[in-house]
Amino acid sequence: MSDFAQHLINGVAAGTIYALVALGYTMVYGVLKLINFAHGDVMMVGTFMGYAVAQKLGDEHQSTLWGALLIFLVAMVGCAVLGFLIERFAYRPLRDKPRLTALITAIGISFTLSYGFQLDIPPLPGAAPRAFPEIIIPKEWLIVGDRAVVIWNWQVISLSIAIGLMLMLQGLVYRTRFGRAMRAVSFDHRTAALMGIPVDRIIALTFMLGSALAAGAGILYAIKDTAIQPLMGLYVGLKAFVAAVIGGIGNVPGAVVGGLLLGLVEEFVVGYSSSSWRDAVAFGFLIVVLLVRPGGLFGSVTAEKV
Amino acid sequence: MPAWLRGLVPVLIAIAVLAVLQLVLGEFPFFVYLASIVGVNVILAVSLNIVNGMTGQFSIGHAGFMAVGAYTAGKLSLLLKDVAIAGLPTMVSDQVQFVGTLLAGGVAAALCGFIVGLPSLRLRGDYLAIVTLGFGEIIRVIVQNLDMFGRALGLSGIPQTSSFFAVWFCVFLVVLVARRIVGSTHGRSLWAIREDEVAAEAMGVNTTGYKVRAFVISSFFAGVAGGLFAHFVPIINPGSFTFVKSIEVVVMVVLGGLGSTTGAIVAAIFLTLLPEALRTLFLQLGGLGAGASLAQKVDQIRMPVYGMLLVILMLVRPQGLFGTREVWDVLPRWWPGARKGIT
Amino acid sequence: MSGALLQAAGVGIEFGGLRALHAFDLEIRQGDLKGLIGPNGAGKTTAFNLLTGVYVPTHGEIRVCGERVNGRQPHQINHLGLARTFQNIRLFRALTALDNVRVACLSDETPLFSRSRIDELRRRSAGRSPVAGAMDALNNYVDWWRALLLTPGFQEEEQEITRRAEELLKVMGLSQRRDEEARNLPYGEQRRLEIARALGTRPRVLLLDEPAAGMNTREKADLMVLIRQLRDQFELGILVIEHDMKLVMGICEDITVLDHGVTIASGAPERVRQDPKVIEAYLGDSYLAAHGMQVPPRSPTTETPAT
Amino acid sequence: MRSALAVVLTSCALALVGCEKKGSAPPSSGGASGGTAAAPASGGTPGVTGDTILLGEVGSLTGSEATFGISTRNAIDLAIREVNAAGGVKGKKIDIRVYDNQSKPEEAAQAANRLINQDNVLLILGEVASSNSMAMAEKAQPAKVPMISNASTNPKVTEIGDYIFRVCFIDPFQGFVMAKFAHDNLKVNKVAVLRDLGSAYSQGLADVFERKYTEMGGKIVARETYTKGSTDFRSQLTAIKRGSPDAIYIPGYYNDIGLIARQARELGITATLMGGDGWDSEKLFELGGSAVEGSYFSNHYSPDDPSPRVQKFIAAYKAAYGSVPDSLAALGYDAAMVAVDAIKRAPSFDRAAIRDAIAQTKNYHGVTGSITLDEKRNATKSAVVLQVGKGKTKYVDTIAP
């Protein structure tokens, strides 16, 4: 029983990260209908920014609340800028071109970032993994029995942040002018432009927001799994994308639910079956979900009007 | 020329030309290796183009089909390694077995293509894409878990029976098939599906059937490519068939121009040789300056440079090198100009 | 019963509780030229989609050439002899005019097993015959092989298809547009190309969804003549959805009027035109009041095309 | 538009022409360099031009195994610089050409092919991953080019042919070492095994360990796997925890071990952790922190080894690259040195002669111990078991084959 509870906690913790990264995927997909393959790599860059700030702060400052906030802030702003640049120079010129071309530039950006960061030419970090500083000093938040089940403070913090962000995003998308503009652009950006919506600005802002989210997710990820390296974005990005699709890509709560579900499914496969089939089951789960609900759990397939 | 011969003439010409090339090139093993890897990528790109370019379905799991073919053919070859067909010289017997394993690999992959093609009846666009991707990953995990496929180490010691001739004859076949499909009712039906599925269906095109068949043909050739690959590397392991490989093939197709067979060929050749060309370039640069040590450092830079080049190429030519045209379509007779994306 | 090429009896469909079409009856025989009218959202296009298999009816029965087609795929229904055009033109935009028609000109050759034999098997087992399926699949694969090997038979067939497509273009007056991409054609020609394409499938019944939408008066007049001519030349039964009353009244011998999914009138144009229910539904009370009229005008041109 | 097309086409052509030119005009010496199966022609000295000897190396400089390739390359570079500083070999300087294989066998085969047929190297060094080494060996063996793998531990690698060597011990031995250590020294009875599904090295060690340990009477209470690239091992560890093992054997690489150790402690697992030479890296302390302290792993050498050879290497490596060399670096260094030693001893620069000289390597004192190549071209040497301490490792035991 206790290990069931522990698996549940692990699954939620892993799912939280998937969910956070998936949120960024979903937002960008929402407005651009683009699978932003570079999203995971933007996340990676964010963690390295956070890492650099933490190094600058030194041991005594990085674990304070202000230190942690500064790390988050710098990483998020840095990634927002990076996201802006990527959108401006790699995606915007291709907006009215076939969607696949933007996908290819996304892949190009992804390669450039991940392999570029593997170079050991300063200031690039090189291929070796780095230990991410403990900017949240790990403390047991809840201990059951003789350490049979442990919940850590950072797990609680991550989950709260993920849910908080989801609610904020949901509010942003459905309650604000910006959100309305976003939805309009998502529906049809040409018509939106005719209605006086500054489409370029909305897309750029969405992109920056998504990238900042990725950076935040990246830092939380680094806090959870303590090591960062240039290829980390590839793997997490792929899983997060799967999570976003399970939830129904383009759908904010769907991304969170998809992320948590994927985390839990993976966790319980490992816990009660064989860990070697984990990835197969993750993708199998995805396929089954799509076969039952072709638009993902929360998405709806818009029937084509004939 | 009698009509019945018209279909066979290109095959005869190709056999003759390739046989001569084979004799000449035997002296340059590195060139042959490079040509083989280029050939495999051309087969992958041209076959994927049948699904992604012509039919407008978006598959990014081609490496999975390639893996199925590679493992099937590789495993069969290993099993048959010490067996020779009675009454034939060893060389001939080896080649017969090689062709047999290639076919088996292709058929196994085609079977998988059929299975993956089925969900395409229900799914569209990005959703189909992720399912094909998932399929590729599942294949990899299965291989990693099975002892008979050598798990992480993969299969090794596969006889190196592949040759320049074998690879490029398969290239020729896949191109021939792609071209002849385009020029037939079937090709037009595939284009129609890409353009408008509902209308195609209303005009009597069995869209589901065609989509599945496109998948089957495409994955058959991916399997053959995998089989060839297994016979000249000659090590295969799961690391060679990750989704990054699938992506590379998609990049070739898009770069060449969706739907353009010759575009896919040129893009595949270009993208395969690019890293090697960069290597040569950097070696030359290194030779000028700080000696070979710079070249060593610089070999690492190839991958990021490759990524940058992708971005730049797409920005310069978003419709791909040839759009949907073929090289010889000087006049914009068939679908030139910008395309609408996948839907 | 016999002789009806297309027959709908009590057909209805609901979308999540919304009754889009209810108890729809229709019968089309060879040589018929019928009209289907009604205000926006009356269910005309829904009726078309039901007849052609895009939607599966929740009630009633549809027969094409005597065969029940409920739940069949659109392409199967098309093979039985039912072809259509679309309200919002759905050409294969990037294909040339010729290729648009050639797509529809599927081969009539039967490489291994004759199609009629397969259909016969299907009919006997109510559409579920594995043998027929296997024969069909084999046919298809043999067909692919013929294309790949460029067999003489295949080459002849391709020539025949091209010849037929060119002929249809000529009938529709599009010969000079042969190699033009569909999306570059003017609106009226796109409409005509759609008809040519539909004819490529060798239909026995042709369903035209607002063929005159967006055309000017002259083009409309030409179209009226053309539709009649097509009916006679290809021995078709035709069903037209149209907003333009003049066109409908001018060419149709029998009209069905839909409103909110319900058939409110049907019969000869004269009778339908004077049916008060039709006048009310189609033009609205206010319209009548505003114009102080008892009878609908001859050509209500204020009608906006449906989206 | 047209110009972009032209650029693409010409660069394609360039790449091809570049290859052809090189292939058709090999250096004056190697007329037979093109032939796959041909031994160097009489009097031909491939890889030797004027006053330089050209060696080749293939490594994973990018991709998932980049860190291993890079430290190997660094160490080989270091070795060659030292040799050249000391006057080179037989009056000639050594030059090395390193190609990246992106951690993929087909790229490894391609790079090896290029080294053999285009660059005409004397011999080839590398790789770490066994599947990459095997892909290279498949090209080197038919061309009769000697190849020394520094760290491929799968037995199959050298079975490919008589030109393929290695300077490390093989999986069966290393697995046996830890099984013996767990049973005899730690005296634990219940062990869990956590292996990397995507690594042949990890699979090989884990297989042997499980077999040997069970033969010795121990019990394997849990078998779990992880995949290279993942960073969350909590699910596997929670499953392992259920079996309450005394020790966990994790034959993986240090970049995963640090995380696994931390997460194990986080979940309240107190079992001793054990591993193989893949653990050896300064990074382990950084990534694992206090969580890895007290764990044991088998290795090729101990940095504590007071012998000047070892200390000199460590100091030189540190000076050059700013970090303590990991075991892959040490093996890379030894591989290069064994090659140089063989070139010195060989009567000529003939590849066959070099091969024979390598095969006769006996009691060569390298950083990773005394290297003797047996008739299967594998190094037979003893392994050491190290304990992880605070920021350094402590020598515990030596286990002989």
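Order of writing sets the chain letters: A, B, C and D. Residues in each chain are counted from 1.
Criterion: a contact is a pair of C-beta atoms (placed from the backbone, for glycine too) under 8 Å apart; a residue touches a chain by one contact, two chains touch by 3 or more.
Treat the numbers as computed from the prediction; the structure is a model and nothing was measured.
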If you tally C-beta contacts across B-C and across B-D, the winner is B-D
Where the centre of all protein Cα atoms falls, which chain's Cα centre is nearest to that point? B
For the pair chain C and chain D, the C-alpha centroid-to-centroid distance in angstrom is 71
When centres are defined as mean Cα positions, the distance from chain A to chain C in whole Å is 49
Inter-centroid spacing, chain C versus chain B (mean Cα positions, whole Å): 41
Whole-angstrom distance, CA centroid of chain B to CA centroid of chain D, is 32
Multi-chain contacts only, two chains or more: what residues does chain D have there? 62, 64, 197
Contacts with two or more other chains occur in chain A at residues 115, 118, 120, 234, 276, 279, 306
Counting only residues that touch at least 2 other chains, which ones in chain B make the list? 144-145, 198, 300, 303, 339-340
Going by the contact rule at the top, pick out the chain B residues touching chain A in the complex. 52, 58, 119, 122-124, 126-127, 129-131, 133-135, 137-138, 140-142, 144-145, 198, 243-244, 247, 250-251, 254-255, 258, 297, 300-301, 303-304, 306-311, 314-315, 318-320, 338-342
Touch list for chain B against partner chain D, complex: 27-31, 33-34, 37, 144-145, 151-154, 156-157, 160, 229, 233-240, 266, 269-270, 273-274, 276-277, 279-280, 283, 291-293, 295-296, 299-300, 302-303, 313, 316-317, 321
What does chain B use to touch chain C in their complex? 3-4, 6-8, 176-177, 180-181, 183-186, 188-189, 191-192, 195-196, 198-209, 213, 217, 324, 333-335, 339-340
Of all residues in chain D, which touch chain A in the complex? 62-64, 66-67, 70, 197, 224-227, 229-232, 234-236, 238-239, 241-242, 255, 258-259, 262-263, 266-268, 283, 286-287, 289
Sites on chain A touched by chain B in the complex: 29, 35, 37, 90, 93-94, 96-105, 107-113, 115-116, 118-121, 234, 238, 241-242, 245, 249, 276-277, 279-280, 283-284, 286-287, 290-291, 294-296, 301, 304, 306
